[in-house]
Amino acid sequence: MEAFVAALTFSAGYNAALVVIGATLFGAAAAASGTFLVLRRQALMTDAIAHATLPGLAIAFMVMVAAGFDGRNLLGLLIGSAISALIGVVAVDVIVKRTRLMEDAAIGAVLSVFFGFGVVLLTIVQSMSAGRQAGLEGFLLGSTAGMLRADAMLIAVSAAVVGVLLFVLRRPLTLVAFDPQYAAGQGVKVRLMDLVATAMVLAVTVIGLKLVGLILVVALLIIPPVAARFWTNDISKVLFLSALFGGSSGYVGAALSASAPALPTGSLVVLSAFAIFVVSLVFSTQRGVLAALLRRRALAVRVHRRQGLLALAAGEPIYDAMTIKVLRRDGVIRPDGVMTDNGRAAVAEIRRDELRWSMAPSVLGDDAVPAQRDALTPADEAFTPDQIALIDAEAQRLAVV
Amino acid sequence: MGAEFVQLSLTPLVIAVLAAVTCAMPGNFLILRRQALIGDAISHVVLPGIVVGFIITGSVTTWPMMLGAGAAALIAVAMIEAIKRLGKIEPGAAMGVAFTAMFAAGVLLLEQSNTASVHLDVEHALFGNLESLIWFDGLGWASLLDPSALAQLPPELFRMASVAVIMIIATILFWRPLVMATFDEAFAASVGIPVNLLSLMLVVFAAIAAVAAFDAVGSIIVIAMFICPPATARLLTDRMGVQVLISALVAAVCAVVGYVVAGYAPLWLGFDNSVSASGMIATVSGVALGLAVAFGPRRRQVAG
Amino acid sequence: MFRSMENPFAKPILVASEGEPVAPDPAIDEAALTVRGLTVAYGGSPVIFSIDMTAPQGTMTAIVGPNGAGKSTLLKGVLGLVPALSGKAAVFGAPLAAARHRIAYVPQRAGIDWDFPVRVADVVAMGLYRELGLLGRVSGQRRAKIVSALERVGMAAFADRQIGQLSGGQQQRVFLARALAQDADLILLDEPFAGVDAATEKAIVNVLRELRDAGKTVVVVHHDLTTVAEYFDRVFVINTRKIAEGSVAEAFTADALHAAYGGRLASAQLSELRAPAA
């Protein structure tokens, strides 16, 4: 616990502080750039991108060794993996555009074939004399703990670039994510924005390879935006929340990892993000499970109450056991089914409401009445008191006549 | 091809073909239902399953691993369904959340359990271990008639063969309702087909195929075979039955070609070592799909 | 004031979905389809609310209403394809589960993957599922059934085509043929005329009329008000709630349409519609 607090406050040593800062920045950058893919329902495109880096990684290593350099040069490896990931993205695009195959099949095909080819190349690398210590397998699961100052700088700089890009382009990007056709109509270059969004994901993925490994980087691109989506429908807020969730996952996860041995950073960062997701899924007031359950239940009660009262008003039998239960609970009917005084008042009220609704179009004009009538809203909530007064006056006039 | 082939290559080849065909069967329905990536998700959660299986039993033998992987696959399927339904999340994102989180948990457990032996099995699970499935007693083609030699066949062969048979029987048995529910779910439900149960069953069968295959051939082949052969077949024909047969054929051919190329091509090119057979089989399936994408007679969409 | 104020539940509950025998209610037993108090909600508010509906045997009913009024949801609710918040449906006086073999449903064409690898004959054969079961073979007599269903909609020549190679109208005819193969007594169709050519529309209407004249019951979600009076003998007007129900002369009135469509249906258009109705 002490070690955890120490890591949180950056006082657990230079290297630990470096990792915590790096993970926080990376978490925020990944989450923000993943948001657009998630909003465009292309979450698993990130998975294809991540797996498609492997052949490039291996080829870059082989090329660098053949040219007489150190095969482990990080920049070289990253460039190689970026190129092969890009080819993967193009391949998905070609398959989707040119054939009848759906996007999920295209993504899965590219992901597995590129990864399989990468494994073939890895076995070649391992059989090379220089390849035995290449440590390329580290890219599968990541190795944050071994993060060097240079790595941290690289991450910080790229996170900053991604952040600035996102901030500058947030409007066109959100427009494209929300409604590409409308965006095109507004003069936004949809294709370019698509490319920018993909390029950012690609950059984050490639950087994340070294840090958390190619599978867990996918988690950081997907989980925070999905969690953020629970709390708001406003895209710019989703973007902000997503970055916040990603950043705090990186921060907490890295600090946890520094607090004891054998706690891999990547996993803890992802599990922190997942914890945020679970809390959002259950407790969000907007789209959370609990709120939805409560709303559904409240809706059911309203439906049965109104339906029951309408049936009583029309003297029709009630066919539904739940309706009877609701009416009993409300004191509209006694346990033996006889209507109470309260019930009579409620029935009178529902009749007046029905009358108001039926007269509203003729008294107020069609335009004043909502086209899609919500069958549950009482007239006195749907209309202003003045309008209600008008309706009631007309009703009285008709009744007298 | 002689004695050496029987001893070293026959069983891996047969197992690879069985695994490929087993995965291609449910794959045909998954790609038509836009659930192709369920194979991807299941393959990723095999890792935590193996680790938990190891932690509970303390052994790295096959059955704890398979049971652990199977349990993890079912948990993943349940989690994906729950996230999809409860959170009203699109399937891709729901899968992404579920399998990456479980994978992260697997990596954490792996580090915590801190065992080199399990570490070995992680690579095994990912890359497979086809080349090691040697038939020591298979001294020549004659051994195929020798009961004592047959008894020494790798157990993976029998496991894979039984799952392949189960998969083929299930495909035939549930063919009609599956095709109907995949083509027009509303109509299928209206004639009383339990469409939700059927869809769950398909995913469970996919999980069984994935778990049975990963042990013998590794997760990469599993993902590739779920998707590439059916996708290839999809671009060659407009008839469902033909598509499934073609996909099985493509899967088998990819397995054979991939295995042979991985084993012999490097030698022809002057390298000392062969390359990963699983990786090569996945690569060959990609080549097959690439050819279909370029030249398949039914590659285009017929209707908008 | 209230007919059943003493005990509004003296009448037994309609137990269609609870599996108990339905209490003798001649109206329910005689009708092909009876819906009572059906409410279905997506999200926060009801799409259809407390719908009562009756489709007498041997009639052809149009369900009309503006977009989003719940027409398709009503059919899906009847078939149990969407969960109902309350209410029940009975088919020939029996609960849905016991009457599935008497229902044929033609869903909307939208949402189907027309690239799907099936041929026209395969699609029609799906209508025989209840008699074929899992492994039954399509042979002899059943093949004849498929051919005759295709002949009735004028599609026999296309039996071996992949379904996506047909025009929208032809696809709709194939879906109707599938329903014919079901040999059902109650046929529910969701927007069968959407996006089809005039010849197909005519052909479909003729087949539906033949069905009705043979004593079958047809219920159609329909969006074209100008053809209601020509095609149908009954109409059900809906906008979340039931607006009107009955013969075209009774229920297809300017008042009902005004109540359903509000100001969006110009009164001139309304009077034009009334002419054929009268």
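Order of writing sets the labels: A, B and C. Residues in every chain begin at 1.
Going forward, a residue touches a chain if its C-beta (ideal position, glycine included) is under 8 Å from a C-beta of that chain, and two chains touch if they have at least 3 such contacts.
Being a predicted model, the structure only gives us computed values, none of them experimental.
K.L.:
So which chain is farthest from chain C, going by the mean of the CA atoms in each chain?
P.N.:
Ranked by distance of C-alpha centres from chain C, the top chain is B.
K.L.:
Does A-C or A-B have the larger number of C-beta pairs in contact?
P.N.:
Higher contact count goes to A-B.
K.L.:
How many angstrom between the C-alpha centroids of chain C and chain B?
P.N.:
43
K.L.:
Averaging only over C-alpha atoms, locate the centres of chain A and chain C and give their separation in whole Å.
P.N.:
38
K.L.:
Centre to centre, by mean C-alpha position, how many angstrom separate chain A and chain B?
P.N.:
Distance between chain centres: 29 Å.
K.L.:
Counting only residues that touch at least 2 other chains, which ones in chain A make the list?
P.N.:
Each of 100 in chain A touches at least two other chains.
K.L.:
Note the residues in chain B that touch 2 or more other chains, in rising order.
P.N.:
If we look for residues of chain B contacting two or more partner chains, we find 234, 301-302.
K.L.:
Residues of chain C that touch two or more other chains: which are they?
P.N.:
Residues 115.
K.L.:
Note which residues of chain A are touching chain C in the complex, please.
P.N.:
Per the stated touch rule, the residues are 100, 295, 299-300, 303-304, 306-307, 310-313, 315-324, 333, 336-339, 347, 358, 361, 365-367, 369, 371-376.
K.L.:
Chain B touches which residues of chain C in the complex?
P.N.:
76, 79-81, 97, 100, 103-107, 111-119, 122-123, 126, 129-130, 132, 134-135, 162, 164-165, 178, 182
K.L.:
Which positions of chain A touch chain B when the two form their complex?
P.N.:
For this pair, the touching residues of chain A are 38, 41-44, 46-47, 94-95, 98-102, 104-105, 107-109, 111-120, 122-124, 127, 137, 140-141, 213, 215-216, 218-219, 222-223, 226, 229-230, 262-264, 266-268, 270-271, 273-274, 277, 281, 287, 289, 292.
K.L.:
Would you pull the chain B residues touching chain C in the complex into a rising list?
P.N.:
Listed in rising order, the residues of chain B that touch chain C are 32, 172-177, 179-180, 182-184, 186-193, 234, 237-240, 242-243, 301-303.
K.L.:
Show which residues of chain C lie in contact with chain A when the two form their complex.
P.N.:
Residue list for chain C touching chain A: 2-14, 36-37, 39, 41, 44-46, 49-50, 66, 68-69, 85-88, 115, 239-241, 258-259, 262-264.
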